[in-house]
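Naming follows writing order (A, B, C, D, E, F, G and H), and every chain is counted from residue 1.
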Amino acid sequence: MSVTDMFSNIQGFLSADQDIREDIRKVVQVLEQTAREILTVLQSVHQPSGFKDIPSKCRRARELFCTVRNHIGDLKTKFPADQYYRFHEHWRFVLQRVTFLAAFVVYLESETLVIREEVAKILGIEVDREKGFHLDIEDYLAGVLIMASELSRLAVNSVTSGDYSRPLRISSFINELDSGFRLLNLKNDPLRKRYDGLKYDVKKIEEVVYDLSIRGLTKDPETGGDK
Amino acid sequence: MSVTDMFSNIQGFLSADQDIREDIRKVVQVLEQTAREILTVLQSVHQPSGFKDIPSKCRRARELFCTVRNHIGDLKTKFPADQYYRFHEHWRFVLQRVTFLAAFVVYLESETLVIREEVAKILGIEVDREKGFHLDIEDYLAGVLIMASELSRLAVNSVTSGDYSRPLRISSFINELDSGFRLLNLKNDPLRKRYDGLKYDVKKIEEVVYDLSIRGLTKDPETGGDK
Amino acid sequence: MSVTDMFSNIQGFLSADQDIREDIRKVVQVLEQTAREILTVLQSVHQPSGFKDIPSKCRRARELFCTVRNHIGDLKTKFPADQYYRFHEHWRFVLQRVTFLAAFVVYLESETLVIREEVAKILGIEVDREKGFHLDIEDYLAGVLIMASELSRLAVNSVTSGDYSRPLRISSFINELDSGFRLLNLKNDPLRKRYDGLKYDVKKIEEVVYDLSIRGLTKDPETGGDK
Amino acid sequence: MSVTDMFSNIQGFLSADQDIREDIRKVVQVLEQTAREILTVLQSVHQPSGFKDIPSKCRRARELFCTVRNHIGDLKTKFPADQYYRFHEHWRFVLQRVTFLAAFVVYLESETLVIREEVAKILGIEVDREKGFHLDIEDYLAGVLIMASELSRLAVNSVTSGDYSRPLRISSFINELDSGFRLLNLKNDPLRKRYDGLKYDVKKIEEVVYDLSIRGLTKDPETGGDK
Amino acid sequence: MSVTDMFSNIQGFLSADQDIREDIRKVVQVLEQTAREILTVLQSVHQPSGFKDIPSKCRRARELFCTVRNHIGDLKTKFPADQYYRFHEHWRFVLQRVTFLAAFVVYLESETLVIREEVAKILGIEVDREKGFHLDIEDYLAGVLIMASELSRLAVNSVTSGDYSRPLRISSFINELDSGFRLLNLKNDPLRKRYDGLKYDVKKIEEVVYDLSIRGLTKDPETGGDK
Amino acid sequence: MSVTDMFSNIQGFLSADQDIREDIRKVVQVLEQTAREILTVLQSVHQPSGFKDIPSKCRRARELFCTVRNHIGDLKTKFPADQYYRFHEHWRFVLQRVTFLAAFVVYLESETLVIREEVAKILGIEVDREKGFHLDIEDYLAGVLIMASELSRLAVNSVTSGDYSRPLRISSFINELDSGFRLLNLKNDPLRKRYDGLKYDVKKIEEVVYDLSIRGLTKDPETGGDK
Amino acid sequence: ARMGDPSSDAGSSAVLSAFKTFQLELDSKHDKYERLVKLSRDITIESKRTIFLLHRVTSVPNVEEVLVESEAKLDAVRLKIRLIAEELRGEDLFQFHRAFTPGIQEYVEAVSFQHFIRNRSLITLEEVNSRLVFCREEPPNTKDAAAGQQGAPGGALSFQVSPTDYLLGVADLTGELMRMCISSVGNGDVDTPFQLGQFLREIHDGFAYIGNTGPYEVSKKLHTLRQSLAKVEDACYALRVRGSEIPRHMLADVFCSRAAVLDPDDAVA
Amino acid sequence: ARMGDPSSDAGSSAVLSAFKTFQLELDSKHDKYERLVKLSRDITIESKRTIFLLHRVTSVPNVEEVLVESEAKLDAVRLKIRLIAEELRGEDLFQFHRAFTPGIQEYVEAVSFQHFIRNRSLITLEEVNSRLVFCREEPPNTKDAAAGQQGAPGGALSFQVSPTDYLLGVADLTGELMRMCISSVGNGDVDTPFQLGQFLREIHDGFAYIGNTGPYEVSKKLHTLRQSLAKVEDACYALRVRGSEIPRHMLADVFCSRAAVLDPDDAVA
């Protein structure tokens, strides 16, 4: 085989690879668009008016997750199933975003921590790598940490909206999350950096609870007793 | 000796050095894990419920310090005793962490500042360099500063838990610490940077005391206070 | 499942992953060591004395490639076969190095461009991803480009050693390589950057040939005619 | 003059410059030490006990300013008078610190804003660049802004010490300062950044005033008049 | 003086500084333009035809230095005389350029190294900082080094133009310059970097001399040379 | 209009803009591919064998310029005609490349500098902005400068191929170009940087001419030269 | 048709004369560019001054006075933008975009700040542009004849702010809104911070919706925007928390005016 | 045993007095550190000057003179290193390593440069260290009694250069070798460049063998080392190419001395 022939062959390989990446990028782009739409829906819970109809916002978000599932379904068809990690960087960011959104919806609905299995179900993907397009643990954890930061903001805005009990519940939820993360042996990687941010969220929420309790606002207004 | 031989010799030295470092890193990793466990135990004092049984938490932490001593004992065997500072960077960080934890336990037990000798005893190490694996003065001071920051958080959470006198005691403790540090001639080193953070802790605690005093909550509860 | 249980599970996953990476790193380290030994063997062709026994140096290098094959064989056992790209970054660099070394040996032996299949054979790996641990096209090309730069150095040192005909042969080889690369549609990636370096190698070698020809040193000394 | 002589001359110039910088650094170091001592003296006004003898603390600080003047006098001798800006960066930071300290002393004594002329007098330097070692406007302003931040802390601690009228006086002082700064057209330089911090000081002090006023604590307890 | 008045004053100072910088920039721009014109005049000495009328080119350049003096005279009026170093960066680059041009003219006229005093005279400025707008040593040396590089080019082109004696004279001139610089203890600053370049100029010129001598072209053409 | 509506509107604009850019990128990519093909054709003039049939290579390049014209014709349809500069960055680079190629072909054919009008004609575009897709003057000049660098390489390779007169012609051509560029008032922009590179090309060619002249190879071969 | 032809005697001058025309073309382009940069700088300075002036609304009794004064300043700025529009007549606007974009963004920041203070809403791009249509009849200190020649037949001269410049101006506006919020809290104004919080949240959500689909400069400002929002939300929070302590009967007195807070005699009714 | 105990009256002074002892400990450590930094700086300056001096060997007739002068300078440097060794007596050397490492590296650079000029070989780490053993008998200007007390019983005071510092010094040496090569070529010395090329290649291969297994600082210098090698190889190449043109009968004359090249009368025999 001449050098020219060999390089022509190689160009064939390279083009195929570039085409795959181009296809992936396109799907990821629409996925990001849908993620931003869900975010816009959920962001409104920070508005004073938004507190009233959290359930309806969650329902709306749930509907949009259908679209997310379709896009991800589409994404799966764009590359050979066993090359997930070859192209991982392309969708890693958006996958963390939609994980955050799923975790946030679940929290708003039930004030519980979504488990990985449930996120996978909401996104229409797998938990086990072997079974297909899956949610990496690191990406799941990153999504959960983004939510923690959103919750510290929610604690602040709850008070502004006159809801004094929600910060207390957020506080105990975040503390539990913090204990969980303390079980992990994180390396000096992006996840570790994100986790360091969690400490600030914990402190921020503690200060909110402090401000409420020093003014006696942590007591239930109707019944006047301690919670 | 030829140039090649010379470089072979040095390569031999470098390999040995790397092996030592690898061994040290492994022990340090498990030490960090234990430190995180102690932290988890002590963190619970920030919880409203945690205030009730501080003594039992301290006892539990004291038990875990046994493990710390074992790990450090292990660490000592990994390198020539007189080359402490050659590998210092590897354990510096974790040594500051466990110093902080020891100082925190002692504070919770007796509301006093642990002295360096006692930290050394808790960790099963020396104070004097000549006697063996020891606690550097800068590392001791860094550990104390980490505790100061934890105490400012504790002051906030004490109020949440309805304990209005602890912040006052923390305030005077921290002020004394601040005066102590101001005696030191710190260079532009990491310790200096950490000490700059102490100013924020002081300020935070002052604001808690302010909040209490403007509401008349600083009076002794027994002798006619508000509560 | 409680939050704590879930995080304990996750820690299990993370530890396993870290163990794999640790294992890979170790094998890669010894592989790098062997690569450096081969390099040392081949570097000596730049010495005036080195020109005499290129064949024996190539034989020595070929022997060391046995060790390379063993190490890579070992490497393959350290991770699930279908997660090549998950850990790709760990061995990417060293794989490009040994590809360069293989390409350099082949050039020194036969003054031809090694094809990917042959590199794979020398390294004991595959060309097709589906068949197992393989040599990525980009890594093959990167290795070839490293060799180009080594050849421009060889052209210079050949002249110093009094071999005036080798630069001419290197020049035509590099030109062919350059034409080959010009067939490729490279993105703005590391490979593209490396390829930009090839232009300098081409120019450098042209200047060597120029210096020889203006002094009439390109003619065959024995026969006195143009080549 | 031969080329050699000329270059020998030049070398003399270059060495002299390096010596000057070394000399300046040494004086600046002792100046920083004295500045820290003055700070320690003045810091005690934040303590409950400190409020009683502000005048004596100010006298003590005034004494230490003698040392400052000596050091600065020394500093002036270290470089040619008209090359102030060539070495400005060396003393800029410490000059801002001592300006802050001078401004703080004057405020504590008379509750007025020290003018640049007076700072210059306290430091034993000039206001006009033409007349000698002087205080640059930017450095004067930076010093004033550091003081503003100290005053916001003082307002908080005044309340803790039971002095409810001082925060009101600080508030009106700081407001006047803020109006002054608003007149300046600051670029996006370090000073602008510092000035942005002033707004938070204003806000903090206003919150204290607010806290006092909703509790009816803004009236003079004894006579009901202004102090 | 009220706070407001004081701040209005200050704003005046700040605006004045910005205006000064703007003015300086404008003059520097036209100065650069004139420098480019002088360069164009002098560049032609590299042309075969250019060797014939070097004197007339130097005269033309000397005329243009009048304009340089006017611009620099203008520049001096733009800022207070004793704040040279405050604004030094603005004109540093162009001052090095015109110093190079002055040094080049003087070399072409008399084949001697211009001394700093003479450059200063040509540019209409001072040598002593105390006396007014002056030429810093570093800037003088930088200008001289730029000329050295121009001379190595001139040596090459002299040969092309058939002038075989000029390279020899340039060679001894540059060697003297190199010895001079060796006396200086340069830090790792921009000047040191420029000086490292001088070695290549020396080498280039020596290669020309070498080429000439192996061909016996270094003899005086009149008294029995080859040509 | 609500804030949300406003942002939706803008999002619409941005999407449309992105689509246009995506379309442009695609055409530019194929244009680059064609440019690389032309380059490959012309590169062969650097080969010893390539000197023989420059005319046929130029003809082949001329044919490929048909394809260039088609691609550019396609490009014009991708965006509103009057928004050339909005998307300029996308095709700026490739336009400079094809300008270089056109200039190189013309130089090889006639050893003259192609004028902007002719480049425009070869590329099937306009010279005047008002008339449609045009060739910016900076892009024309950049293309010419790329050619200058190619010519310095050609000078070197001409000697290798035994053509000793071409370097002299290239030298005078490049000198003329250099004089032309020195007339321009270039700002500190990319063009200025490229022009700074021209100095190296000039110097390189001067050295080739030097090498020829010191060996007496610059004489006309017909009329009694050495060769 | 080609330069440097060695066969022609005047070959040398062919290249040089070509470059002389290049010089003219380049210089005139550069000069226009420089003029635009200067105009942009003037616009930036004047817009920044307007913003400074507008910040006074949190501390003076008569807001309307400040607004009138700012309107005069912005009129002056618009005269400068008119000069830009004149420079760009017949040109490709984007060729010189980089020269004037900083000034235009700053103008958007100033005019949207003024609009918010007056209307508590976000000025639209259309509203911004509608103020930048300049009639031919009122050129400032220019000969009518000359201006008439330049003008499009019967049409008015206008300047179009690009959506991106508008976005970037609005992004910077959020920093000013944050500063205004902090000042308002300091001055005891409790309504403005909540209005600002609401408004800033809307803008924030808008930018989040656009995300990284906009140009790079926009994404770059998202972080600062988020910080500003956090500061405003914290301020609102602090106000609410502190406000919770006011005895119901005191509420009116405490918030009736800034004077009430500062004058100790009136603080308790 | 604990400080700050509120039950004790002197609690406040317990903390403060503890900190006073900390202050003493920290200050004495810092002072020692500063003294070492100063010594290191002096060593650096003197070593750099020695290197400068040694570069003169390419341009002066009497190489030995330069070597003798450099030896005197290096002796002075070694006296400074002795002072470092005295400061480190009984200390953990690595505690203060960062203070003196720049000076030591520069000394290695200087002494290995001198060694190369004299022996055309690489000085070994052992040879470097063997020059840093200081007898107790000859302390410069110190009271014998005091020195005797400090010294180890019967033992000599010595300083050990670490392998890493040695490596880093040798890495920097390559830059000086490159400069020397360029100067030699310039001065018509044809042997030195080839010797330098050979030697530098050996060092380069040595560093390549160590690769990235050494400390980070070593890897960082590899790039510069490679550039230096390329420059030297280019210089050797240029010499060879140009040398090829010399008529065989001229060879002796051309290379017999530097003077021959410069003196036009001798150039052609």
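Miscellaneous remarks
Here, a residue touches a chain if its C-beta (ideal position, glycine included) is under 8 Å from a C-beta of that chain, and two chains touch if they have at least 3 such contacts.
What you see is a predicted model, and the numbers here were worked out from it, not measured in a lab.
Set against the Cα centre of chain B, the chain with the most distant centre is F.
By residue number, more than half of the contact pairs of B-D reappear in one of the listed pairs A-B, A-C or D-E, namely A-B. When the interfaces F-G and E-H are ranked by how many C-beta pairs touch across them, F-G comes first.
Measuring from the averaged C-alpha position of chain B to that of chain G gives a distance of 50 Å.
Chain centres here are Cα means. That of chain B falls 50 Å from that of chain C.
Annotation: 61 Å between the Cα-based centres of chain B and chain E. The centroid of the Cα atoms in chain C and the matching centroid in chain G are 56 Å apart. Along chain A, residues 179, 183, 185 each make contact with two or more other chains. Counting only residues that touch two or more partner chains, chain G has 205, 209-210, 213, 245. Going by the touch rule set out above, the chain pairs that meet are A-B, A-C, A-G, B-D, B-H, C-F, C-H, D-E, D-G, E-F, E-H, F-G.
In the complex of the two chains, the chain C residues touching chain A come out as 1, 3-4, 6-8, 10-11, 13-15, 18, 82-86, 88, 113, 115-116, 129, 137, 141, 176-177, 179-181, 183-187. The residues of chain G lying in touch with chain F in their complex are 1-6, 12, 15-16, 18-20, 22-23, 25-27, 29-30, 92-95, 97, 121-122, 124-125, 163, 166-167, 199, 202-203, 205-207, 209-210, 213-214. Chain E makes touch with chain H in their complex at residues 168, 171-172, 175, 179, 182, 185, 196, 199-200, 202-203, 205-207, 209-211, 213-214, 216, 218-220. By the touch criterion stated above, chain H contacts chain E in their complex at residues 45, 48-49, 52, 55-56, 59, 179, 182-183, 185-188, 235, 238, 242, 245-247, 250, 254, 261-262, 264-265, 267-268.
For chain H in complex with chain C, the residues that touch the partner chain are 194, 197-198, 201, 204-205, 208-213, 230, 233-234, 236-237, 240-241, 244-245.
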